[in-house]
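One chain, chain A, links the two complexes that follow: it is found with chain B in the first and with chain C in the second.
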Partner chain A sequence: MRTKQRLFWAEQKKMKRRFVWLVPIGFAALLMLWSMANIRNFTDADRAFGYAYLFYSYCVMNAIFMPVMLAVVASRLCDMEIKGNTWKLLYTMEKPGSFYDIKFFFECRYLVCFTAAETLGILLFGKLFGFTEPVQAGRFLLHFLAITAVGAVLLGIQHLLSLMSDNQIIPLLVGIAGGFLGLFSMYFPRIVNQLVIWGYFSIFSVAAVDWEKTANGGMALYYVDFPEVQFAVFLLAGAGLYLAERWIYLRKEV
Partner chain B sequence: MLIKCIKAENMKLKHSCIWIACVAVPVIPAIMGTFNYLNNLGMLTEGWYSLWTQHTLFYSWLFYSPLIALYCSWLWRLEHLNHNWNVLMTAPVPVRDVFLGKLAVIFRVTLATQLWVGVLYFLCGKFCSLPGMMPGNTILWLLRGTLAAAGIGTLQLFLSMMIRSFAVPIGIALAGSILGFLFVSQGWELFWPYSLMMAGMNSNRSDDVLGGDILPFLISLTVFFVLFTAAAVLCLKKKDVRA
Partner chain C sequence: MENIVATESLSKKYGKKYVVKNLNMNVPKGSIYGFLGPNGAGKSTTMKMLLGLARQTQGDIRIFGVPVREENRMKILKNTGSLIESPAHYGHLTGRENLEIICTLKGVPKTEIEPVLRTVRMEKQQDKKVKNYSLGMKQRLGLASALLGHPRLLLLDEPTNGLDPAGIQEMRELICSLPDRFGMTVLVSSHLLSEIDQMATHVGIIHQGELLFEGGLADLHRHSRLRLKVRTTDDERAFRVLKGADIPVRYDRESGRLLLDSEEDACVLRSVRLLAEHDIGLLRLEELQVSLEDIFLKLTGKKVSL
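After this line comes the complex of A and B, so read on.
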């Protein structure tokens, strides 16, 4: 336990004056600004589906934001070890596996900060702009869990790439390409969407758009039944992927 | 001196991963945009122009700036590592030429990216059995998008020079692009560097967003170019390096 505490404080000290918090805060602020620009034009009819609209639009925005944001966070935290060439010194004091886990834990803090801010932001906008749709706490919880889980799986990929690449161009390239793939896959049939890991924000979205009705008038939104079984399989697959990434990392020569 | 700086920067690009980004990223909107176009032929009825919107909407709105930012970060990372700042600043060349040399290389890579986008657009058009050649307008829009890179490239090169992190300028570019959409929706695209791409490439409509008058666009580009170049050169001259 004391070793874990020491690892935690060692990482905490590395974060001093790195201003990493600015990344999730900045992106969350941008998300809020974007929402405000849209919500201020809402009619009474729109307010009756206000939360559903935000749940859906945030899933689209997450597909754009998150891959690059997570690539930036992972790169910012891992690049300090690469730039400083600290591996040999680190491994005389820490086990590589523990180092890999604690770094990932620190990156997850920024992810959870962002997803919590996003979920609370939906609630806040509902109150500020007078949404008439009733608040369903379960939907908010599912939204938070879903985007955090998908984000954590993507972060695992970025974490491995950032630690493995001497040149950070590869992880950032994967982040940009992932954002592209995730966004496009949303407009494809579900079977294609499921093949793209960056597109899972829309698969686990609690709200969706009925495009046939939308074509005939305003945006027709509806709540979908959350795919619990698929989500459980996704979590298991994500955990398996993390262990595989860790295994790959442990074989890296320092 | 500038030519020598450009040659030196070109040598740094040899065998670099930057070309992977240049080739791979435009392939994604080309493939997915084409299939999206084929899936929605009922709604997308303007042939080459409809295919153009599918290829370039997300590319120019969200991913073109981060891609340029990636190029810029890569170019400055070489100087941020291994105390290379000391070598760079003691080289017998004006700092202005150091910056412009890097900018010229960024412009070259961006030009290659845009040419590749054009080739993919043409090939995908033929794959979709669209008649004839791609419209002349789209070639002009590709060129305007390349020119827009001069504004963004200068800003991103300046940011990557000042910020020692590889990733942060790329995050800023994405944030700037998203804000750019708000500027475009208000009709203020010429006042924000990140929205110049969208206006230049005319990616969300088939009629010209600039109304055929390219002069304000060029003035805006020139202002941003001069502003960010001056800021970068001033910083290089006045600020002490952190090698």
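After this line comes the complex of A and C, so read on.
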């Protein structure tokens, strides 16, 4: 068996009895129940822009819930190494960098499942509640890519914090605080919004609210042009941030 | 004799303080090398450097005769097993599942689990979750992990820490049996002299990061020879008389102890006669065994607690 395969299977074995799948499933269920409560009362006019509504409302809910979910996932996976004091044993069998990467990969699995469930959930709700708005596959794909990318960058931060903290309450508090910060930043001018990493769910949201029209009664939603260049820069910066986090982690001696 | 581990001028500095300084250590093949020193002497740091868990500030390490570099570290460590400080474990998994993870990471077949469980006498507890294990059971599981893959070198850092007397005895017997049963070389650290005395074939004594003594346990025991404490009516004059007659004698003015560094009957007889000839009354002649502990304290400084 090749080294990477061995690391993968060893990590897979560690997951036994951790019930980590319950975390993304629980959060996804919470999001869907919340949105279902609103969709139930949709009028025909609302159903005409139902997908846009869900894209936007999920971007707000992601800002609140996803940092907390990612903090819990990272904590569940990293805590077992801290509690078991396993570093000194593991690093005689695998390189610290490989350990860092494979752990992050495993955390990303839960993120991707959550974002995929959320995106498919929007489509499912559209069919169940008879949205008259046509399905635009490109928008769904962009929504999935955007929330996955922002989630992965946030997960990188949580991953480092969870591996570096003996007490997992610290990364959890950072996740909760980040969620609130991200939510508030959405209601500030864009330049402020861009300074808060947890607020990027709204920057890459495929739908937005026209607040002027909304003030006159009813919620006015519209689709925005996806900022491809900014997204590419964000991905590069995210990769750079991950390497910096990895470098910080590797400096730590066990 | 071939050395399985050899270090040259190995040093580790944290800030401005040397934790390990110019350590030249040689662990012979097939030996049980007792790495002895008080708490904080630099034992664990040295072992971590050997395993590549801590980077040395300077110096070289050779394991199995090969210089250890970052590029070949994992390849060399494939033939080593280790138990550093507290035993590593995943509490939510059973003992067997923990060993399965080690097997996967080491690339060792699962069939090796049964023999190592038998070796550490853990067959009956293998399906119990590790979080419910006692410390002694965790230590034995840690040793089982280290034994997987039949390593040629085993590094055990204070393996009896926290064990009860029966557990200590059991662990000691187990360690002692490893070179003969599996042809392993064992490097075991401890701050307890008596423990090393009962296990090791070779000893290295470290204090404040420096290696003060290295050699066979027999060499160390040779230092613990018998001496005679002499008490006379005039110890200072007695010292001058005996010294003048080329008798191996020492006089410590502070403690007022006159010591005869010989246990030979002829030397004792000659000394007594000389004292009588010079009208010096012999009050007491007392056998004084210099224990390993005395040697250890002398080497590491008397203020160091064991």
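Here is the rule we use: the second predicted complex is superposed on the first by the 253 of 254 C-alpha atoms of A that agree within 3 Å, B and C clash if a C-alpha of one lies under 4 Å from a C-alpha of the other, contacts with A are read in each partner's own complex, and residues count from 1 in each chain.
Everything that follows uses one rule, which is that a contact is a pair of C-beta atoms (placed from the backbone, for glycine too) under 8 Å apart; a residue touches a chain by one contact, two chains touch by 3 or more.
The structure presented is a predicted model; accordingly, all values stated were derived computationally and were not measured.
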Clash-or-fit label for the pair chain B, chain C on chain A: fit
From chain A, separation angle of chain B and chain C (C-alpha centres, steps of 10 degrees): 80
Touching partner for A:243 - first (chain B), second (chain C), both, neither: neither
Touched partner set for A:71, first chain B, second chain C, both or neither: first
Of chain B and chain C, the chain that contacts the larger number of chain A residues: B
Partner chain in contact with A:83 - chain B first, chain C second, else both or neither: both
Partner chain in contact with A:9 - chain B first, chain C second, else both or neither: second
First (chain B), second (chain C), both or neither touched by A:124: neither
First (chain B), second (chain C), both or neither touched by A:254: second
Touched partner set for A:179, first chain B, second chain C, both or neither: first
Nearest-approach distance, in Å, of chain C Cα atoms to those of chain B in the combined model: 6
Footprint overlap on chain A, where chain B in one structure and chain C in the other make contact: 83
Chain B residues touching chain A - in the complex, by the definition given at the top: 17-18, 20-21, 24-25, 28-29, 32-33, 35-36, 39, 58-59, 62-63, 66-67, 70, 73-74, 77, 81, 165-168, 170-171, 174-175, 178-179, 182, 185
Residues of chain A that touch chain C when the two form their complex: 1, 6-7, 9-10, 13-14, 16-18, 80, 83-95, 253-254
Contact footprint of chain A on chain C as seen in their complex: 48, 51-55, 74, 77, 80, 82, 84-93, 97, 100-102, 104-107, 142, 145
Parts of chain A lying in touch with chain B, wherever the complex brings them together: 23, 26-27, 30, 33-34, 37, 64-65, 68-69, 71-72, 75-76, 79, 83, 167-170, 172-173, 175-177, 179-181, 183-185, 187-188
